[in-house]
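Submitted below is the structure of interest, expressed as structure tokens.
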Amino acid sequence: MKAWQATPPFGLSALRLIDLPRPTPGPQQMLIKVHAAALNYRDLEMASGTYQGQPQHAFTLLSDGAGEVVEVGAAVTRVKPGERVIGCFWQGWEGGRLGDNAGALPLGGPLDGMLSEYVLLDERGVVPCPAHLSWEEAATLPCAALTAWQALVTEGQIKAGDWVLLQGTGGVSLFALQFALLHGARVIVSSSQDDKLQRLQALGATGLINYRSTPDWHEQVMAITDGHGVDHVLEVGGPRSFVQSLLSLRPSGQINVIGYLGGQQGEINPLLILQRNARVRGIAVGPRQSFESMNRAIEANGLRPLLDSVHDWLDLPAALAHLQSGRHFGKVVLRITAD
Amino acid sequence: MKAWQATPPFGLSALRLIDLPRPTPGPQQMLIKVHAAALNYRDLEMASGTYQGQPQHAFTLLSDGAGEVVEVGAAVTRVKPGERVIGCFWQGWEGGRLGDNAGALPLGGPLDGMLSEYVLLDERGVVPCPAHLSWEEAATLPCAALTAWQALVTEGQIKAGDWVLLQGTGGVSLFALQFALLHGARVIVSSSQDDKLQRLQALGATGLINYRSTPDWHEQVMAITDGHGVDHVLEVGGPRSFVQSLLSLRPSGQINVIGYLGGQQGEINPLLILQRNARVRGIAVGPRQSFESMNRAIEANGLRPLLDSVHDWLDLPAALAHLQSGRHFGKVVLRITAD
Amino acid sequence: MKAWQATPPFGLSALRLIDLPRPTPGPQQMLIKVHAAALNYRDLEMASGTYQGQPQHAFTLLSDGAGEVVEVGAAVTRVKPGERVIGCFWQGWEGGRLGDNAGALPLGGPLDGMLSEYVLLDERGVVPCPAHLSWEEAATLPCAALTAWQALVTEGQIKAGDWVLLQGTGGVSLFALQFALLHGARVIVSSSQDDKLQRLQALGATGLINYRSTPDWHEQVMAITDGHGVDHVLEVGGPRSFVQSLLSLRPSGQINVIGYLGGQQGEINPLLILQRNARVRGIAVGPRQSFESMNRAIEANGLRPLLDSVHDWLDLPAALAHLQSGRHFGKVVLRITAD
Amino acid sequence: MKAWQATPPFGLSALRLIDLPRPTPGPQQMLIKVHAAALNYRDLEMASGTYQGQPQHAFTLLSDGAGEVVEVGAAVTRVKPGERVIGCFWQGWEGGRLGDNAGALPLGGPLDGMLSEYVLLDERGVVPCPAHLSWEEAATLPCAALTAWQALVTEGQIKAGDWVLLQGTGGVSLFALQFALLHGARVIVSSSQDDKLQRLQALGATGLINYRSTPDWHEQVMAITDGHGVDHVLEVGGPRSFVQSLLSLRPSGQINVIGYLGGQQGEINPLLILQRNARVRGIAVGPRQSFESMNRAIEANGLRPLLDSVHDWLDLPAALAHLQSGRHFGKVVLRITAD
């Protein structure tokens, strides 16, 4: 079988589509024929060799993917051949908090990922596909969608009437927009591009902020919310953005730290955390139980992920370049076409 | 000013529309000119003198009402004359759990209620009216709506994809239907009348059960939910209904006990609570903070209460008789017309 | 190797100490040489064939046991040979709520239990032994201790100053007494025997109730708590006891339903649940993450389980008879002596 | 009556002991004869005129105080003359989260504080004194103790076996040490002075860190906790300390931001929040319901606050200078001696 791997010393020019023996499931494992996989910014860092905590060995790329179970081990009870499944980003995190699960590891580095004709996963490391989704749609859920769900729903307990502040048009923000609206909440989004803001408005966002033309955008947040501030922030920027988010917050509001696209260093005044009675938490995707509850919501409401483009998996480098360009709006997906 | 009171020895024939002096606000109070009030089943018991814990003194009837602030005490900072407000069922319960608020008391018995041309309330005992609601709509919120919100949202942390089981077409059930749908949840309702079930279906209910023709209705709940059971029950019946609810429950699902229309006595096997890992809680309306968050949701989503009928407040006995008949669908409201 | 099994048609006279081949671990499994096992009331029912949901096949008895890892599968990373471990009652429940873990099953029926010279368990199905405990002490933790911890700590979030009501001197009650005191809480216990009440007082219980001489014991609870009622109940009786517990509860207090020794049927008035704003939940032991946090508490505080007696495992029938007699105070333990 | 006030343009030399008319309670108020008051760092800033958000008007100093009710308004039901009460730091925050209580304000600036022979408070703005405490002991609870309780218990849900990291020997840290031990938790404390560390050890602290001799003290935290990190931090320093705390944290551990003694500016890398799955929250004392539950714990366990010294209230300037010196260990209290 074929698989795309990142190999030391890493770098986008060192990606290799290699031949590997098709593996055989152990007693509690299944073999999945992968049909589609999706890109996240993390994959770009993994492929480039710049990830904080980059593995030092070769590994199959991509955390996100969906496929069909084709073989199961003797002790497997949770899945059957023929079922459509999606891999979980964290293998070994089933529920509760991350710290209580020593040994949970992510797919797509350090564990071998989904960009392969076949993958072996533990029977506890997958969830069923929502029935109404295509392979390409289903493949987008493990990282971006679950991060948004974990932040807003599992941890954030979002409710109708809440204000949600989203930043930019990355995968997490777009899923968060959909999930917030699904719960009757109101959404403010920021972007540096007015055309993207218009698309976000068409999707249901109420408040629109161009953070390039409005660097002190917390004032605009306060104006939109009649001076109350927002209940939830999905923070994907660095310290500069974090300070604006703190100033945009309703007292006792929540900030979910999920990225650092704006850089890693900068000044944060902890007095602001105190004065706003802020709740700040790091969100590192989520456990399988959270994925299962998200999928129930997606299926019950017929929700569909927003796809930017679908590429043949042989064109991985071009797809990564497209992701890197920042021109996408929605998930960038790879279709895996077996020989 | 005029006010409808229940007077010892009580009974529907002993309701009196009496003249009282218009009161003057103390430093932390306001005087409200009441425009509308709404009926709950509790009011029928209070008026009849059959309430468990019936006050022994005369009192002004009705827990639900909305009006305009016409005068405020010297120390009042939370409201201003001219503002539209709704009274809180519990005077003195602001947040947290009920047990931590010794001294909280309900309007409409033992405290004087809202069926009066003017009422005096503490500035902490009201919430602002959602701007898009009429007086008649606003008056319906304090008991039935807040009970549904407290059960599903504040305590129940409902999320998209959850299954909710409602019983009948009382005020709490209808608001719960609206709130569940607002959060992307799915609703099963039971009723003894097929025409009411059809109206519930038109409002968005997915599963419909005639509990008269299907006394063992938990089997139908399991069929509708593909064998999973429901996440939330709003239990308004007595022990017989409670057992069906337990059997309808998803493991770790929640039952909110809010009424006992089906009687107070009967056998419940606690082993069922254990086996389902059930979460059962009594819901006695909710605190002001919960009311405020509900109103934010109502306003943000332009939600409107379902009204059955609006009566002149002088026709209180007829309105109570209509409520008692069980023919209503939606809230029964009284319009208060000052001389 | 030898193992004690219950075999159809079951009954205490049909227990068999049989010879089985020593099993070999699969990739994610370990082989444990068991040193001690402990009895629970559930085991008595399983052995007698009277358990609600009795398995129909032969199975090795006992949910509780501790031993040494002697061999691990190729993929095992969480444990090493030589380590001391305790089996988890639920195999396959790692964290969160039980309903989200389809497929979790208990040891000692239907899964083969711990009363065997060697047992095979998944590497996720054990926790490390607290270092200061003997094999006999460690073996007592999986059911009784974890049920008490799950009810009071994981679910109940007990805090200093809370009042806890315990019933009788079963294993769960005794562990609950220890855990409540560890958190600065106050304990009321009931028993039918004054000598047991004296032993409970010596262990730190503040309030003592003989429920035989005081059938309406909720009045005594109210007297002891200055009229406030208790925050937590561990309910092990049936409906009659349940009603007394409801009447003993502080508003918004919690009842954990963990048993039904007083029978399964009887009248419960759900109005009481409503009036007390009670929180009632079924507690079916707990997940591995809860076990791990309990063991940290046990180890940090040097807490030791209370042992009634240690028997040779060949004397299983006598040990079961002792449990059935109700004369024990503390856990009844079996020492497993290999040939 | 006499009262110590801070007056514009503020400054320690501008404190004035002035004569004021003794006030009369409104309908929902009480008059308290104050017997003792206690100093917090906030009072030093308020007295100096350097508080972030310094009031611009003259006000009576001190947030913490205890006294006897001597007169009540006509509508008061919660307290009676002769009762011993303690004022709440936040007037108007009863329960739930701070953001849901618009209008809550602190004593000791902007509201008039407790350093007065008599004070007027709303009947909802006090809690009963634990019976075993002296006036001086009771006066220490409103700010420092409640902040520690709110962080560890109400919000942090501390449990036996948890690791708690405290910084220095300020009032909050000392109460947090007592509350942590009361719940069976383990405590690591840091200080710049070895003699203070020895006193902390005598009080029950397990891990001792001199942060002056060990600037990268997170390594020592990791060594003490066998590499696991701590569950709770009470962060009283600025950004430099915050980074060490993040590095000391167990995955999913909690940081409570309660002060900024080490300065307000500095670099924090939000990637650390993400990587540790950290929970960071600002703690601004707590609501009355939390105070009441804390007092139950204090009373049930006979816990006594640690007093550094008791001064005559006429010596306020000397007491403030003593607090400023940093030589104290325990609360600095003023005894109010009426003429």
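When the chains are written out, they are named A, B, C and D in that same order, and each has its own residue count from 1.
Criterion: contacts are C-beta pairs under 8 Å (C-beta built on N, C-alpha and C of every residue); 3 or more make two chains touch, one makes a residue touch a chain.
Chain by chain, the UniProt names read as follows: A, B, C, D = NAD(P)-dependent alcohol dehydrogenase.
Worth saying up front: this structure is predicted, and the values here are computed from it rather than measured.
Shared contact partners of chain C and chain D comprise A, B.
By number of C-beta pairs in contact, A-D leads over the other of A-C and A-D.
One simple way to say how far apart two chains are is to compare their mean CA positions; for chain A and chain D this gives 41 Å.
Multi-chain contact residues of chain B (touching two or more other chains) are listed as 97, 100, 293. Listed in rising order, the residues of chain C touching chain B in the complex are 52, 97-100, 235, 238-239, 242, 250-253, 257-260, 264-271, 273-284. Considering their complex, residues 26-28, 75, 77-78, 94-97, 100-103, 122, 287, 289, 292-293 of chain B touch chain D. For chain D in complex with chain C, the touching residues are 153, 157-162, 179, 182-186, 293-301.
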